[in-house]
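Here come two complexes built around chain A, the first alongside chain B, the second alongside chain C.
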Partner chain A sequence: MHSVFGRGNAMAAYTLSVLAGLTFCCFLSTVFLDYRTPAVINTRQVVVKSIPDYSASREKNDLGYVTFDLKTDLTHLFNWNVKQLFLYVTAEYQTQSNQFNQVVLWDKIILRGENAVIDLKNIHAKYYFWDDGNGLRGHKNVTLTLSWNIIPNAGLLPNVGAIGSHSFAFPPEYTTSKV
Partner chain B sequence: MDYFSNIPTHMDYDGQGRSEKLSRIIITLFGVVGLVWGFIIQQFSATVYVLGAGFLLAGILTIPPWPMYRRKPLNWQKPRPAPREEGSETQKPKKKK
Partner chain C sequence: MDAWDDFKRMNKRQMLYQALSFGMIVSSALMIWKGLMVVTGSESPIVVVLSGSMEPAFQRGDLLFLTNNQEDPIRAGDIVVFKVEGREIPIVHRVLKLHEKSNGTVKFLTKGDNNNVDDRGLYAPGQLWLQKNHVVGRARGFLPYVGLVTIYMNDYPHFKYLVLVALALYVLIHRE
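For the complex of A and B:
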């Protein structure tokens, strides 16, 4: 440490090591937190159509059309190791051709500091609810769940499911009118 | 020019040791305080800023060779007078002059 540059270099290296240690402490302070919280989902309008899926096979597939309400309060999930939440609503169901189907219908990014109280009425799905066949018409048990992906400063990127979900049934007839 | 070239720019050995020790103490202290403060206000960027302040303070206090790091100069031994024994090889050229 006989020169200005030698001392400056050693100090910068030590500072970065300390910063890495502090970041690890920040990670440790939040890694065991429970990020689950209740959410209420309700469907409003549920119809199913049979139309050609040009994005895949051009064959007529079932297209679900769902509007729903979503109510939850995620304010308490934010802490010093949460930069943003990525919310997404998935529909899960079982068909004869697939043991487990999972379709993302809607998503939203909430940055820390933004309003995290969610009370949405009659929202439309952002993405198409395609089935890869004809499994939706008359389906008795499709479950909507809200989940979120936590984007931290440092550490894990957990996917957390909300407590509570909503199951609904599709009508037994295709809708031909425009919705 | 003599004035500038006579400004001392070195640290003695003891000063180098103390400057490094001091810089580590300052940075560690600011890091710990910043961590606690950032946890209290739940803002990790505050922790990083406090650590940065500690870095700047330690840089000001311990990077330049301040006079406080020059208090224990090495006790050099006095130069020994050259031995003047007749048999020594090094003396011979001088005698020839």
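For the complex of A and C:
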């Protein structure tokens, strides 16, 4: 087997197995870490409107407008096996027609090396807060939570919820003015 | 080549043995795949990312490991792999909105991290929501680059046949 082909083959096989072994060690070294950390969310403006949802049913649905503050520091979550964090703020609530509702209002990608200190004031939702029906007006208990999805270099893709959430109520009347 | 000389010197019994070991390789690969299907509950436990719609998290050629346990509910923020009627290739996107009724029926809307709008334009005409039966699996594990080989194979069919023939020849001719 002392040919160019034989040696190339042996080298390629060895390189591949070393790479695979190293990748597996990288995965093992971070698989049991706890990625939870506190975050503070507060709502500023909360109103609800009743207008036709042309993106879905054309019927009049409840549309919430929420602006909120968000403060957290995720710098320490980055280790050698975290390529990216995908942050998202979810509104979670229960209505008569649906036992469980989740609407993502805002998201942000933080790549490794970027600033991971979040201190945002009065941010507007990135996505529309449409309810599936008319369940938002006068709703007493909508919970906002920050979560993040960890994208590793190689390994698991956990979704982690921040410690701490914020509950708020929608006003009992629809707003007719422009928001 | 030495290998070919080796092959010519084989007797019938040895040839049969080579063919059998080739069959073993093929059937154990099939067993691993089917076994993974049982364990994960997904019809396709490993998928290759084919588009850039989830960049920078997933690039073309990255490998995703899926599970699809029915007891494990789908939640906003999950990365789901789903099939839409009229499209053969499954799509890997993130759940943006989700509504679940008390009887367990769930409808949800997805969006790619790198796309500006949600996926209603990708669904079948008139379809507004995805349901459980569209889901192939949920991404649980990630391995970069490994799927590039299959992408090259699909892009260049000649390369695929070359690799397959070379592997088959190697297994059949190579003597322990």
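By definition in this document, the second predicted complex is superposed on the first by the 179 of 179 C-alpha atoms of A that agree within 3 Å, B and C clash if a C-alpha of one lies under 4 Å from a C-alpha of the other, contacts with A are read in each partner's own complex, and residues count from 1 in each chain.
In this text, a residue touches a chain if its C-beta (ideal position, glycine included) is under 8 Å from a C-beta of that chain, and two chains touch if they have at least 3 such contacts.
Given the structure is predicted, the values throughout are model-derived calculations rather than measurements.
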Three-chain arrangement built on chain A, chain B and chain C clash or fit: fit
First (chain B), second (chain C), both or neither touched by A:Tyr14: first
First, second, both or neither for A:Asn81, with chain B first and chain C second: first
Between chain B and chain C, more extensive residue contact with chain A: C
Which superposed partner A:Gly155 touches (first chain B, second chain C, both, neither): second
Touched partner set for A:Gln102, first chain B, second chain C, both or neither: second
Superposition-derived angle with apex at the Cα centre of chain A and sides reaching chain B and chain C, degrees in steps of 10: 40
After fitting on chain A: smallest Cα gap, chain B-chain C, Å: 13
Residues of chain A at both interfaces, chain B in one complex, chain C in the other: 23, 153
Chain A contact footprint on chain C (complex, rising order): 56-58, 75-79, 94-102, 107, 113, 118, 120, 128, 139-144
Residues on chain A engaged by chain B in the complex (per definition of touch): 1-2, 4, 7-8, 10-12, 14-15, 18-19, 21-23, 25-26, 29, 79-81, 153
Chain C-facing residues of chain A, complex: 23, 55-57, 83-84, 86, 88, 90, 97-104, 107, 109, 111, 127, 130, 132, 147, 149, 151-157, 159
Residue ranges of chain B in contact with chain A within the complex: 10-11, 16-17, 19-20, 23-24, 27-28, 31, 34-35, 38-39, 42-44, 47-48, 51, 54-55, 58-59, 62-65
